[in-house]
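Multiple structures are listed underneath, in structure tokens.
Paired with chain B in one complex and with chain C in the other, chain A is shared by the two complexes that follow.
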Partner chain A sequence: MSISTITITAQGGPLTAIIESNSPVAYTGAVWRYKADKTFDQQCGFFRYDRQEVQLGAAAAAADKLFLVKGVLINQGASTPIPYELQVSIFQDGNRLYTEVPKEGGSGAIDNKALAFIYRFKLQTS
Partner chain B sequence: MNALTELITLVLAISLAGERLVAFIKTLIPWLAGNPNVNLPSNSKEEAVRKVTVMVIAFGCCWLTAYLVKQNAENDELTNMPDVFLGLLASGGSAFWTTMLGYTKAVRDIRIQQKQQEQVATENVVANTAMLRTENRIAIATDRICRLAPPEFNNNNLVNINGI
Partner chain C sequence: MKNTYKIYLLVLLSSIAISGYAQPGAGDGAAAIKELLTAVNYGVPASPAFELLPGKASEVTHLNFAHDIGVNAGTFFNGSKLQAGAAVDLRPFSFTGGDLKQYQENYLTRLAWRTTVALGTTSGKSGGNDVFLGVGLRITLIDKSDPKNDKAFTQKLADAYDSVLFKITPDLEETLEQFQERVDMAGKSPSVQRIRDEFTANTWNALRWDVGLGASDRAASGYLKRDSLFRDRIGLWSALGLPLGKKAQLTISGNSAWVSHRNDTTERHRYVAGARARFFLSSALAISGEYARIFSKYPQPGLNERWNHLAIVAEVKIPKLGGWFSFAYGGDSAHRTDKAAKFAINYAVYADQLIKK
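Here is the complex of A and B:
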């Protein structure tokens, strides 16, 4: 289990996550927020291929919190597998702070069968 | 439609060749061409005889051309038609068959356009169906994620994709 650490500015604006794909696949998922001791804090929201943005909260509220992203990928009607790559990007005040391809299910090839992916990250102040 | 176009093209070719032959015979026998300096009434007996003679010669020329074409053509459905029939059709005149050829070409173009439109419509239906199925599957997946209790952070279980 890997957790990516992303440095944010404590005095900065609200944070958002954008989940996007570089290939024409459909996907959906949710983002949950956890306290530093890994107890559940709140659900940040849902995303899908045509609504890719999820609000993570204000910098002060999101600092030192853990985030869990889970989702499903669908490639309807594909007779042969096509390569895909999902990217999770974290933005603060519209500036991209970090981009990463989830290690578990974030890239590979997909045919008509649905695939699941998972991604964890932590926000910490500089 | 292709067979009809081929038939009309063949008849047009015989008609053109037959008309050249008629023109040649008219040159040899000026009476057949009529005298431009003499305006005979169109219902006069002499003019009627001339017109009928020209028509008979035209039919004969087309028949002869059709016979020659059949002698030198490979066997197929068109050249298996009786040469007298081909000659009779060709004696209708090249102008008529040119119009007929244009008409069949226009009909063929319309059919091609209709086929293309049907193909585009079918492709749209297939694309819309695929989109609808994708949306259905995404809706099922989203519903399943919505119903998830907040997972333990360390829980490594992926979203259940059975049935999606």
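Here is the complex of A and C:
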């Protein structure tokens, strides 16, 4: 289980995650927040190919928390596979802090089967 | 009274079918009807590149990323010579990017993603060292049945996956494989299947226009040099599918093939123009009607010929006969290279429906 660590500013504004794709594939998913001891905290929200932003909360509330991004790329009858690459970006006060392609299912090609992807990250204050 | 008629009809159909099987040659009724329905291709080949090659291209490798091209280039060559048995396809404009939102809003993005290029090699039919290289392009200019371009369908599908997968609090440590298993299950769920089935039922005959272009070259002894490379064939295809209400589809198509000059008595050009209408009146009754005109040109004008192709086929599902009873009329009109060709009646009973959506 890989967890990326992203440094945020403790005094900064609210945080958001944006999940984007570089190709025309439909995807949907959700982001959940966990406490440092890995117990469930709250659901942050849903994202979709046309609604890519999810609020992660205020810096103070999000610091030292773990976040789980889970989604599915939906197959839509492609005659030949469609290559895709997803990017998860973390923003604070509108500034991009970090961008990464999820190592688990974040890139590949989709044809006639829906594909899962997972991304986990931890926010820590500088 | 009505039941009596049904019994008579069933006995009549059974006797026709049985006598059909019993007559010499009539046992091939199903094969003849299948041949009648497939003699003229009213679509654009999935890979025009491979349509013009003398042999079948091997399994096609899909090139999804730029680095795949470099990796697969080696399969086309054996040293400095072209090697038979390689086949790849790719979406050449996928590097232009564009997410699904852009795809749904911009025609050029859709056009770019719907364009595929294929490349393949085979050896000649009669053996030898020559290698045939085929390259082709296929573009879908209009596709009202494109699921990616249907916002409502995409949203419904996403909603269905959401409700199955994301309404519960997930295990933080669930692996990708475990999650993929749940995604696979969600794909088979009745809610997802129903949405997909409805979409297929509503769009099977939607407006669609495909074009294809292909060319093949013969590389003497496999050498890719100017003095060893000879143009062999060029092909052009166009197919326009139009809805006729909800239960029928009309396809208007044309194709042209040019063959390199071998001698004055071999065919040089062939043009085919035709139309086919298919009616699915119920789950137990389908009718297909088609007409095509074929023009064949030779270097010697005296050898030129043209003929008509006609096929009218009606299929009725009769469970008591174990499948489909089919009645067909059609064939090719007589022409110089097939003076015995004629329109004929065929009938048969077979298990699997031949007229398909």
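FYI, the second predicted complex is superposed on the first by the 125 of 126 C-alpha atoms of A that agree within 3 Å, B and C clash if a C-alpha of one lies under 4 Å from a C-alpha of the other, contacts with A are read in each partner's own complex, and residues count from 1 in each chain.
In this text, a contact is a pair of C-beta atoms (placed from the backbone, for glycine too) under 8 Å apart; a residue touches a chain by one contact, two chains touch by 3 or more.
Keep in mind that this is a model prediction, so the values were computed, not measured.
Measured by the number of chain A residues touched, the leading partner among chain B and chain C is C. In the superposed pair of complexes, A:P24 makes contact with chain C only, with no contact to chain B. In the superposition on chain A, A:L66 makes contact with both chain B and chain C.
Within the superposed three-chain model, A:R120 lies in touch with chain B and with chain C [touch as defined at top]. Looking at the shared chain after the overlay, A:F46 reaches both chain B and chain C. In the superposed pair of complexes, A:S79 makes contact with chain C only, with no contact to chain B. Within chain A, the residues touched by chain B in the first complex and by chain C in the second are 1, 26-30, 32, 34, 38, 40, 43, 46, 48-49, 66, 68, 70, 72, 74, 76-77, 104-105, 113-118, 120.
On chain C, the positions that touch chain A within their shared complex are 46, 62, 64-65, 89-91, 94, 97-104, 109, 113, 116, 147-148, 154, 157-158, 161-162, 165-166, 169-170, 172-176, 179-180, 182-184, 186-187.
Partner chain B is touched in their complex by these residues of chain A: 1, 26-30, 32, 34, 38, 40, 43, 46, 48-49, 66, 68, 70-72, 74, 76-77, 104-105, 113-118, 120.
Taken in their complex, chain A has these residues touching chain C: 1, 20-30, 32, 34, 38, 40, 43, 46, 48-50, 66, 68, 70, 72, 74-77, 79-83, 104-105, 108-109, 113-118, 120.
Across the complex, chain B meets chain A through its residues 130-131, 133-134, 137-138, 141-142, 144-146, 148, 150-154, 156, 158-161, 164.
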